[in-house]
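Each of the two complexes below includes chain A, the first together with chain B, the second together with chain C.
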Partner chain A sequence: MTKVNENTTAAKSDSRKTEINKALVFFDKAGVWILVVCLMAIGFIINPSDYFSVGNIRSILQAISLTGMCCAGLAYIVYSSNMNDMSLPMTIAISGMVSIQLVPFGIVVCIFGGLLTGTLVGIINGFMIGKLRANPIIWTLAFNMVLSGIARVAWGGSQIYPDVVAGGNEAALATAETFNQLARTYFFGGSVSLMMVVMVVMFIISYFIMTHTKFGNQLKIVGTNYETARLSGLNVVRIITLSYIICSFCASVCGLFYASMRKIGSYDNGMGYDFSCLTAVLLGGMTLLGGKGSMVGVFGGVLAVGMLNNVMTLIGISTFNQYLVTGIVFLLIVWLNTKSARKLGRA
Partner chain B sequence: MMKKKKFNISLINTYRSYIFLLIVLIFGAFSDNFFTMFNIKSLLSSTSLYTFIGIGFTVCMIAGHMDLSVGYMATAGALVVLGMHTLTGLPWAVSILIAVAVGAVVGILNGLLVTKAKIHSFIATLGMQYVIRGGMYIYCEGKEISVKGDYGLTDKLSSVPIKFLPFNVLFIITLICVIGFSIMLAYTRFGRNIYMLGGNLETAWLAGINSDRATIIVFMLSSMSCALGGALFGIFQGTATPTLGEKGIAPLMIAMTATIIGGTDIAGGKGKVLDTFISITAIVAMFSVVTSLLGKFEYQILLIGFVLALCVFYETLLKYIKQKEIGMRPNLIIKYHEETGK
Partner chain C sequence: MEKKIALQMKNVSKRFPGTLAVDGVDFEVREGEVHALMGENGAGKSTLMKILAGLFNDYTGEIYIDGNLCRLHTPMLAKEHGVGMIYQELSVARRISIVENLLVGRLPKKNGLFYDKKEAIRQAKELLERVGLGYLDPNKPISEISQCEAQLVEIAKVLGTNPKIIVMDEPTSALSSEEVQRLFKIIRNLKEQNLAIVYISHHLAEIFEIADTITVMRDGKKIKTYPVSETTNEQLIHDMVGKSVKEFYADRESHIGETMMEVKDFTRWGFFHHVSFELHRGEVLAICGLAGAGRTEIARSIIGVDPLDAGTIVKDGREGTYKDMTMAIKNGIGYLTEDRKVMGLALTQSVADNILVSIIDKLSRGGLYNPKNHGKIVEEKIEELEIYPPQPNRLVNALSGGNQQKVLMAKWLATDADVLILDEPTRGVDIGAKQTIHKAVLEYAKRGNGVILLSSDLPEVVGLADRAIILREGYITGEISGEEITESSLLMAANGEGKHVS
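Let's look at the complex of A and B:
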């Protein structure tokens, strides 16, 4: 009698082990791309004639390109288990402002100066967090406020315009025009813009860095377990500093295009980018614990946010209600991600 | 000799919010009209919204969680209470209760997402922030809601009950809440359980605390405090907009800054509500002093950023030095102290 009981319990525990929910496995593999496909289907049902037209696809990609550039950098931070870079908004704003201020010195100096400013922010962040082990959220939040104060005080709290900065100088005016045209450059008869190309190239490079280089593999170990990485002899300070520099560099590229698109350098240029970019990255399957997710997923997350906004606009949901829908979809996807990872023993 | 010096450093770190307030007050003496009855009264009453948000944020942070939804929760509280009174026509008491109940529901949802769905609190409340914002905009249709005609409670909140003291009723309610939460955290069993949750969740569970229930209650308390603060501030101002209490910086950021300056540990298990309150008072006083001395709004943000960065840098440096000392031999540590004088 007892033997039978033992057998049944053994069989039960065995069946519990081998029984894996197929839906969860599928969700773990496909992740946010399921949402992308669903949104495509919904869009096609609502608007069969126009949804897959060049114009609509271009408008979706154009809308996500700025967020996408930031996300390609922010993914490194989330991947290395440093949660979030709260200084993203001011990195975007200040690199745009510096580059506009440098317009009289020619287009090369202007772009180079903007990128250098962003990289400098990354170096300071990386030193504080990589070397001194400051709390990532608190330090970047504090540094964001400092940068915000510096930008406001240095420019007297006003916005700057490329044309105004150029003054009456002919050559400078031409540079300002070139700068404004950065975000308005189109290829192939207006179907592909420079911003989209830059975003896609950034994602491709990031994908190769993450999967095919020594740095990417080391980053995964650091993100999974910092202490293990340190004790196994990796130069953790260099890895984390480098990831912050990459993140800030991507943000400054975004800042250049942002300033060029709005034709304005202002301290509120990147307002809200800290949380909206984090939303897209987390939607793409990365977790705050670090070391999980991929660049493909992050691109899916960015695409999903853009397509969600597009579909909601097509349905006719007002901007106010879009916040609600975005929040609910975000919570649902993150919950499914967490649940599938936990049930499959990967959390 | 060495002992005395170390004592001083820890003293500065413990009472840094008080020192911050003192420095601000010393600078305030140089500006005209800072120490007038009217100015102090208006300063203290404008701390109330930030204080309520700060209480919520601090309690959550002590329990080892981050509640990012507090800022919008306060705004939602203000909109709900004014909407219930003005649009629906309910009496004040009932509308305040409804606002607090909305806060409780949101808090319970936050807690369930964190404990049962096992989503990191930073993400769960980030999502909840969008949900509250959307719900709020739907409720008020993007417009401001104002008190129409019935200014009885508004007058009562801004009246001064004790003569010769610059405390109006709103500030007294805020103070009572701060003291109540301080007593709850320091002297009740539940309050000390919160510290334990933040210190080590596993240990707390093994010690017999129902950690899930306690976490849900913590989130509920946080959201309720924010909703109450928003409601009172909305009535006090007589109007509520979706951007309540924003002065160049979102209220959430001010509460976050004050919580960190007040010395609450982001990992949890350490912190005091009273310190957060003192640093909020110092920040608001600093805004006023900077405006009257420099006459520019921009310097406020620069200075608050520098104060926060300095606090974080100081704390990080202390931790870094401590980390370096791990593994050193004790006799060498004493030698190291004598040489460097730390």
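Let's look at the complex of A and C:
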């Protein structure tokens, strides 16, 4: 009799454990969106009167559009298990500076010049890391330094302004004005900005690339296991190079809007983006091991970081303390990441 | 006198989402006994042993070690209770040195602070002695020693924790027959030291040689336990599979056609020299030799991932070499790697992704590709190779070892390569699955394709090969064909004896 009893209790506790596992799986999938909802709730509690006002929502979205653009590209690097692109800040800065420098040649040249600069950075990164197998962190970190050196030499260490570059030329001044308006273009009576639209479009395209193209599906295998990918006949060099090109291209789009928003081309445009973007991407469910996560998750991650900052501002935490909080969030995420990595390595 | 019971598991169960992998198993091992754990792929052997090694904190049931109830909820706890585990998939970290690997987590300290290198080397040497590897330099990185040595290093590492119970999960799947003998000597030695040993293997011959007691599992349940002396081959297979398996190798009727590929004067200095052979349509050509004879090296040079000093490949009217795997596949050559975990599969992706990986290029239209549109190919392969459970979306690392191997095979059968190089294609698969894979290989050859088989499993070579070339220390020393391929002729030739050696 007792034996039977024992058995049923054993069976019970067993099934309970399974359910916990299911909950874990759910949390794994929806994790960041749960966080988004929580932050939303907190924000609403703190500021019930106008948390959901058009103004606040717009300011959240506005604040995340720049990081969002970068993340839509950085996601490829993380996904390919190359961890992070440390040259993001200078890619952002230098593409903004180049495009401002090109203001006298008209808006088209100016925009394309900026994007081309970023893409070039991506090609070099891709060649070094994809083809020559340089260490991705060390190389991009060093390249970031080199780029900042080049920029300092080229512009004599000073910042540049669109209208100053334009000089007295009427047409150039008009171009400078158009450039400055890039970050200030709104649709629907000021509720949606061009920046938001560009960011969302970038995410949609990235989502499509990741799931519906040859490149995206091959990148998944490269990110999961490089050797396997190579021995399955995938062109790993091309795939990794391409992911760096996309990443830097996205960073240069961000760089254009950044420069336009500040009306300045400067070295510190994009400072700190290397880590803040990585935080968002990891928060969105991608892992440093690569091959995991999705663009939908990354979008959630970007949103969560933006809302966290918004909530902190609402509470009245000073900017410096905000850095501290984001830093701690970053450490926490990396810790969680390595922990799950260790589990994967063993079991 | 009955020996003391070292380990007793009572009514142990472990559930994964969707699978009851171990279902109320009672299992006992005595001191100084080699206890074989047998069963088909996915029977739950590895899972049962992982419970013992403390990998799961959500098992149910009771585990007694030396009569004391233990809760083995973390690997640390299991180690403290004297459980040493040698995993099915080698867990030897690749790039670090042997000594660091052996003493990981317990490197000796000087003055309570500094790493004592001398002492570490001494301890490492001592452990290596115990497994007959005294000649190895402990400072060498693991990646530079052979798989067999790595396996023995792994055993040495476990011995270093002074275990009472040692679990070996398919330790011989990567070893050649004389290496197996080497391992057995060590096992007998451990047995004399009164250690309890759990031994998992799919090789019946090994079991009858080394084991004292056998426990058979099927579908997560324990079926039977009996002393080795009280059972026979047929009985054992019957208990594992649940029905009798008769014919082991399908009758082979081969249709050998014209030459389809020719390897000419292949040389990589220090690895293999002046290797030339031809492969015909419909032929299974085995390259045989002792471990270290250079088989895998030749394969890796053919597909262009390892360097080559001289030689060319003639195939489809083109003479040359391939610069990488992409090019090899374009020229119709596939290579099933011997190590499925490190370079064969993307373990954390789904079965479907893994099966399709090599044909993404071919299936894509103008750069667009959606795996969801190709479910039919995946389902076909799952069915052909009887991958269990048959779920395309299951992650590969949630499959049992043997089923992972089937996924690897499925991936290469899905490509339309007309030459497949199979490096240990049935590593770690059970009898039934082996037949499935063999059937698939023969079917593939019958369609007019060529197979180059590199296998240490002699019965497999005898059963499949139309022709075998013998490789010894990097040189081709002989060739055996047709009916003359037998286990003894292969063994003799591999050791440089007999009439087939030129």
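Note that in this section the second predicted complex is superposed on the first by the 302 of 347 C-alpha atoms of A that agree within 3 Å, B and C clash if a C-alpha of one lies under 4 Å from a C-alpha of the other, contacts with A are read in each partner's own complex, and residues count from 1 in each chain.
The rule is simple: a contact is a pair of C-beta atoms (placed from the backbone, for glycine too) under 8 Å apart; a residue touches a chain by one contact, two chains touch by 3 or more.
In this text the structure is predicted, and so the values were computed from the model without any measurement.
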| item | value |
| --- | --- |
| Touched partner set for A:148, first chain B, second chain C, both or neither | first |
| Broader residue contact with chain A after superposition on the shared chain, chain B or chain C | B |
| Which superposed partner A:214 touches (first chain B, second chain C, both, neither) | second |
| Which superposed partner A:171 touches (first chain B, second chain C, both, neither) | neither |
| Contacts of A:205 with chain B and chain C, given as first, second, both or neither | neither |
| Touching partner for A:321 - first (chain B), second (chain C), both, neither | first |
| Contacts of A:278 with chain B and chain C, given as first, second, both or neither | first |
| Touching partner for A:334 - first (chain B), second (chain C), both, neither | first |
| Contacts of A:108 with chain B and chain C, given as first, second, both or neither | neither |
| Chain B and chain C contact sites that coincide on chain A, given as residue numbers | 289, 347 |
| Residues of chain A that touch chain C when the two form their complex | 7, 10-11, 13-15, 17-18, 20-22, 25, 211-215, 217-218, 220-221, 224-225, 227-235, 289, 291-292, 344, 346-347 |
| Residues of chain C that touch chain A when the two form their complex | 11, 13, 15-17, 50, 55, 58, 60-61, 75, 91, 303, 305, 324-326, 328-330, 335, 337, 342-349, 353, 356-358, 360-361, 364, 367-371, 397, 411 |
| Complex interface listing, chain A residues touching chain B | 83-84, 128, 132-135, 137-139, 141-150, 152-153, 156-157, 275, 278-279, 282, 287-289, 320-328, 330-331, 334-335, 338-339, 342, 347 |
| Footprint of chain A on chain B - complex, ascending | 66, 113, 117-120, 122-124, 126-135, 137-138, 141-142, 249, 253, 256-257, 260, 266, 296-299, 301-306, 308-309, 311-313, 316-317, 319-320, 323 |
